[in-house]
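I have placed the structure first, in the form of structure tokens, so that the comments after it can refer back to it.
Chain lettering (A, B, C and D) follows the sequence in which the chains are written, and residue indices restart at 1 in each chain.
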Amino acid sequence: MYQDVILDHYKHPHGRGLRDGDAEVHHVNPTCGDEITLRVRLDADTIADVSYEGQGCSISQASASVLNELLVGKELTEASKVQETFLELMQSKGKIEPDDAMEEILEDAVAFAGVSKYPARVKCALLSWMAWKDATAQALGEGTGRKTA
Amino acid sequence: MYQDVILDHYKHPHGRGLRDGDAEVHHVNPTCGDEITLRVRLDADTIADVSYEGQGCSISQASASVLNELLVGKELTEASKVQETFLELMQSKGKIEPDDAMEEILEDAVAFAGVSKYPARVKCALLSWMAWKDATAQALGEGTGRKTA
Amino acid sequence: MTPLPGLLDTEAIRKDFPVLDRVVHDCKRLVYLDNAATSQKPRQMLDALNAYCERHNSNVHRGVHVLAEEATALYEGARDKVAAFINAPSRDEVIFTKNASESLNLVANMLGWADEPYRVDHETEIVITEIEHHSNIVPWQLLSQRTGAKLKWFGLTDEGRLDLSNLEEIITPKTKIVSFVLVSNILGTVNPVEAIVRRAQEAGALVLIDASQAAPHMVLDVQALQADFVAFTGHKMCAPTSIGLLWGRQELLEDLPPFLGGGEMIETVSMHSSTYAPAPHKFEAVTPPIAQAVGLGAAVDYLSAIGMERIEAHEHAITEYAVRRFQEVPDLRIIGPTTAEDRGAAISFTLGDIHPHDVGQVLDGQGIAVRWTPLRAPSLPAVRNSSDHASVVLSVLHAG
Amino acid sequence: MTPLPGLLDTEAIRKDFPVLDRVVHDCKRLVYLDNAATSQKPRQMLDALNAYCERHNSNVHRGVHVLAEEATALYEGARDKVAAFINAPSRDEVIFTKNASESLNLVANMLGWADEPYRVDHETEIVITEIEHHSNIVPWQLLSQRTGAKLKWFGLTDEGRLDLSNLEEIITPKTKIVSFVLVSNILGTVNPVEAIVRRAQEAGALVLIDASQAAPHMVLDVQALQADFVAFTGHKMCAPTSIGLLWGRQELLEDLPPFLGGGEMIETVSMHSSTYAPAPHKFEAVTPPIAQAVGLGAAVDYLSAIGMERIEAHEHAITEYAVRRFQEVPDLRIIGPTTAEDRGAAISFTLGDIHPHDVGQVLDGQGIAVRWTPLRAPSLPAVRNSSDHASVVLSVLHAG
């Protein structure tokens, strides 16, 4: 589960820190206490920035870093596809062995495949992704999202 | 358990009906709904009368009849001894085989020995005896007794 | 003796219940008819319970070790099974409690502490019926005493059916909650859900159905019932004691306040205040009945494998037979419906003026386990007008 | 590896726990140190539980048949065992609940609905501490919100002990109830009962002690504690889930109102009102946790056969050893007392800045089951002033 890629992201997070954004959310993983505050800035249909602050285990922190690396600069539709693929992988209970197609979409995020075997940790891995989804919906004016704090 | 003596007392109860008394109590066996209203009349230290009305199973009704037969006319100290012996027998869980000495004290009431094997029925057998004890204490001015209704 | 007419292979089913091998009182083979009080436990459930306690036991939700993952999966898996069993729209609507009594008290307490429009207070009314189990009477008496709300109830007809002739007077716009039993544990009657629910909806009242005696015996479909809450209990449906259930509509579970406070039902806690986890966890202060839920999951699998439709049809056939034959016994009087129509398999009867305590004892001497119940409160018309004060209840489960 | 120093034959005791034979994650033999969350179950308890479910299962108190008599005797027999285990003056003071959380909520609710002099209302105060389990915080927050009573608490010293320097300011004549944990599930600290009880008695406040983490590990004597109520839980002391305990002084149990309403907790019921059975039944709406109580009785027998004094001494020796060796690990910091004095066997620690979730996962990979806990609320001084936000808790039970 502790792939080098994950530990790298944990030790050297991408794009950490809070910068200007169109929407901000704060999410908590209630069963473990991981937290994230995340902002999304959109430029028309493109994700101009995802900035965040948080604390928690290596999985939740590395996942936020991977998210930043993967999604910033992408069009929203494309980003949604990445998010859905990641969700699918994480909900697979270790049963999906990522193929090339998936690897192309998820890049570093395929390293999380092993995490999907541990239900308690899946929530850590998904925390920033759920926050991103909520913040984006909010930035697009689709309601305020579910804030868990 | 259903000895002829018990069934006889059930069908032909002794001293049933409410007559004058120095104290009255009403007891209920909450787990089964048997009820008794019982009055005691004392003549100095002697039990002049125990009168009662009630409803319930054969065990509770026969036991009240036996009580009337045994206690009326006795001195209080003697009656208390009967009551205590009956209590001891009923709490024996079927382990006491009444000997002659006990039979002398309890007379017909030894027929209840079999009932002591059935904890749920012990309460039925003891209902009138507990009521008598309370009513007597009350008649003697020792507080009001525990009324359960 | 001619075999009872039925549709299930009762000899095979008997073998699933180890207790039915017992001989009692000098070689009488046990005949267990006290299913209205609690059911016996099939081998399949016992094995699942034992495997859990012996191999997978752990606290749930919070651990980071193998056992915690396994226990959580088994516990939440049981919730999925129950949700499917009752056709719940969402698994998150299934709350594990300790028994049906707690489920019923939970709703009563929620409504006492709720905000408008659910709040029960001195200007509002609570409706129950005269044929409720004590566990569906006392919580409402307490709520009524504590809030000043008025407690009202439906009476019974002489045949032991709910008397709905004054439906509109009893359920009014002041009514906040109507709580009633689906199948009576005393009379066996199946109550007319639709008429009551329709009137309650019209009046804007919530509906709670006590399905404790229904869940083990018939298809229970919470969507078809159209109630807001349904309570039932594990130990009457082949599961262990100390597990009860409350199904509730999701919006309500979100809006209503919690009942027991504690670990896992919270999201964040400071010394000053807390926020609550979403349902079902909001209503499950740790530690939940983990082993018992696993047992219940296995019990639900067991019942489903036989098939609830088949169980229902089988019991109907047996009940038809039993009420007919019972009436052939001199001096035996059935309390409650004397036909199998709209009635469950619990049959109450009196035998002449022999006290039921004695009838029960004599049956026990034959190895036949029944229960008896004092019938004075709530008073039944059938009893009020006679010298009977109690009756023997026997309830035939599929495995009877 | 040198064997841990202790007084018990741990190899023999290990054999009583079937789960400890398990191998996990590629041939690692399970090491279960998550006893603060829940204990594992010895064969002796499993056998009693299974025998009950398989041979004697019945509802209690009301049946007139063999099984009902047996089940009632076993259930009430378990009450006797628990009463003896905690040195209760009377068996009728032992109430079976579903878990410690329910026991704590029960007291909070009783006090909210009580008459004077017990009643908690907006002119009164409730006292807890900063080191309570959520189950001893949230019930009091709810009670405080619902009654307007003020919630106050003791803070902690930098060593993680209760700060009693302002004892007289916190517990005042306005205080109605003081509720605190005997042994902390997080820090392992054993709290100074005597000083708190003395002050509470002076102020006329009731005392509730949460002994959930004490009952499995040391001699629990409710008379020596001099509290009014003591709550604890079965699943942490070798019994199944879904059974909790509340001991309370008899006079209080008589005077205080009931909590859950239902069958068996009543004496008489009419549609208008009910009278309640005497304690303990007043607080046990049917159906109680029968099988679980039987299991608890067997668990109590099991622990008593080993001997609670010996268990306590053994754990003390192990804790002494463990806190010493732990401190030799680079970057490992114990949260809570660093000596074995006045501390139980639960040890919380952080390891450098590695998140405890990760520490727990790595230990799991080695077959070692621990738990981890976010430590933010209630905030501990030791944590408040550092960058740590959680710690790993491992709790060594006698069978560890």
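The rule we apply is simple: a residue touches a chain if its C-beta (ideal position, glycine included) is under 8 Å from a C-beta of that chain, and two chains touch if they have at least 3 such contacts.
Keep in mind the model is a prediction, meaning the values are calculated, not measured.
Rounded to whole angstrom units, the spacing between the C-alpha centres of subunit A and subunit B is 78.
Centroid to centroid, with C-alpha atoms defining each point, subunit C and subunit D lie 30 Å apart. Separation between the centroids of subunit B and subunit C, computed from CA atoms only, is 39 Å. Centre-to-centre separation between subunit B and subunit D, using Cα means, comes to 44 Å.
Contact of a single residue of subunit C with at least two other chains is seen at positions 62-64, 68, 266, 268, 357, 361, 372. Touching two or more other chains at once are residues 32, 118, 121 of subunit A. In terms of inter-chain touching, the protein chains here follow a pattern that is not a line, ring, star or complete graph.
Inter-chain contacts occur between A-C, A-D, B-C, B-D, C-D. Partner subunit D is touched in their complex by these residues of subunit B: 28, 30-32, 118-121, 148-149. Subunit C meets subunit B in the complex at residues 355-358, 361-362, 365, 372, 374, 376, 389-390.
Chain contact summary for the complex, subunit B toward subunit C: residues 1-2, 32-34, 55-59, 118, 121, 124.
By the touch criterion stated above, subunit D contacts subunit B in their complex at residues 61-64, 68-69, 72-73, 266-268, 275, 277. Listing the residues of subunit D that touch subunit C in their complex gives 18-19, 22, 24-25, 30, 32, 34, 37-38, 40-41, 46, 49-50, 53-59, 62-68, 98-99, 101-102, 104-105, 108, 113, 130, 133-135, 137-142, 145-146, 151, 153, 233, 235, 240-243, 258-266, 268-274, 285-292, 357, 360-361, 363-364, 368-373, 377-378.
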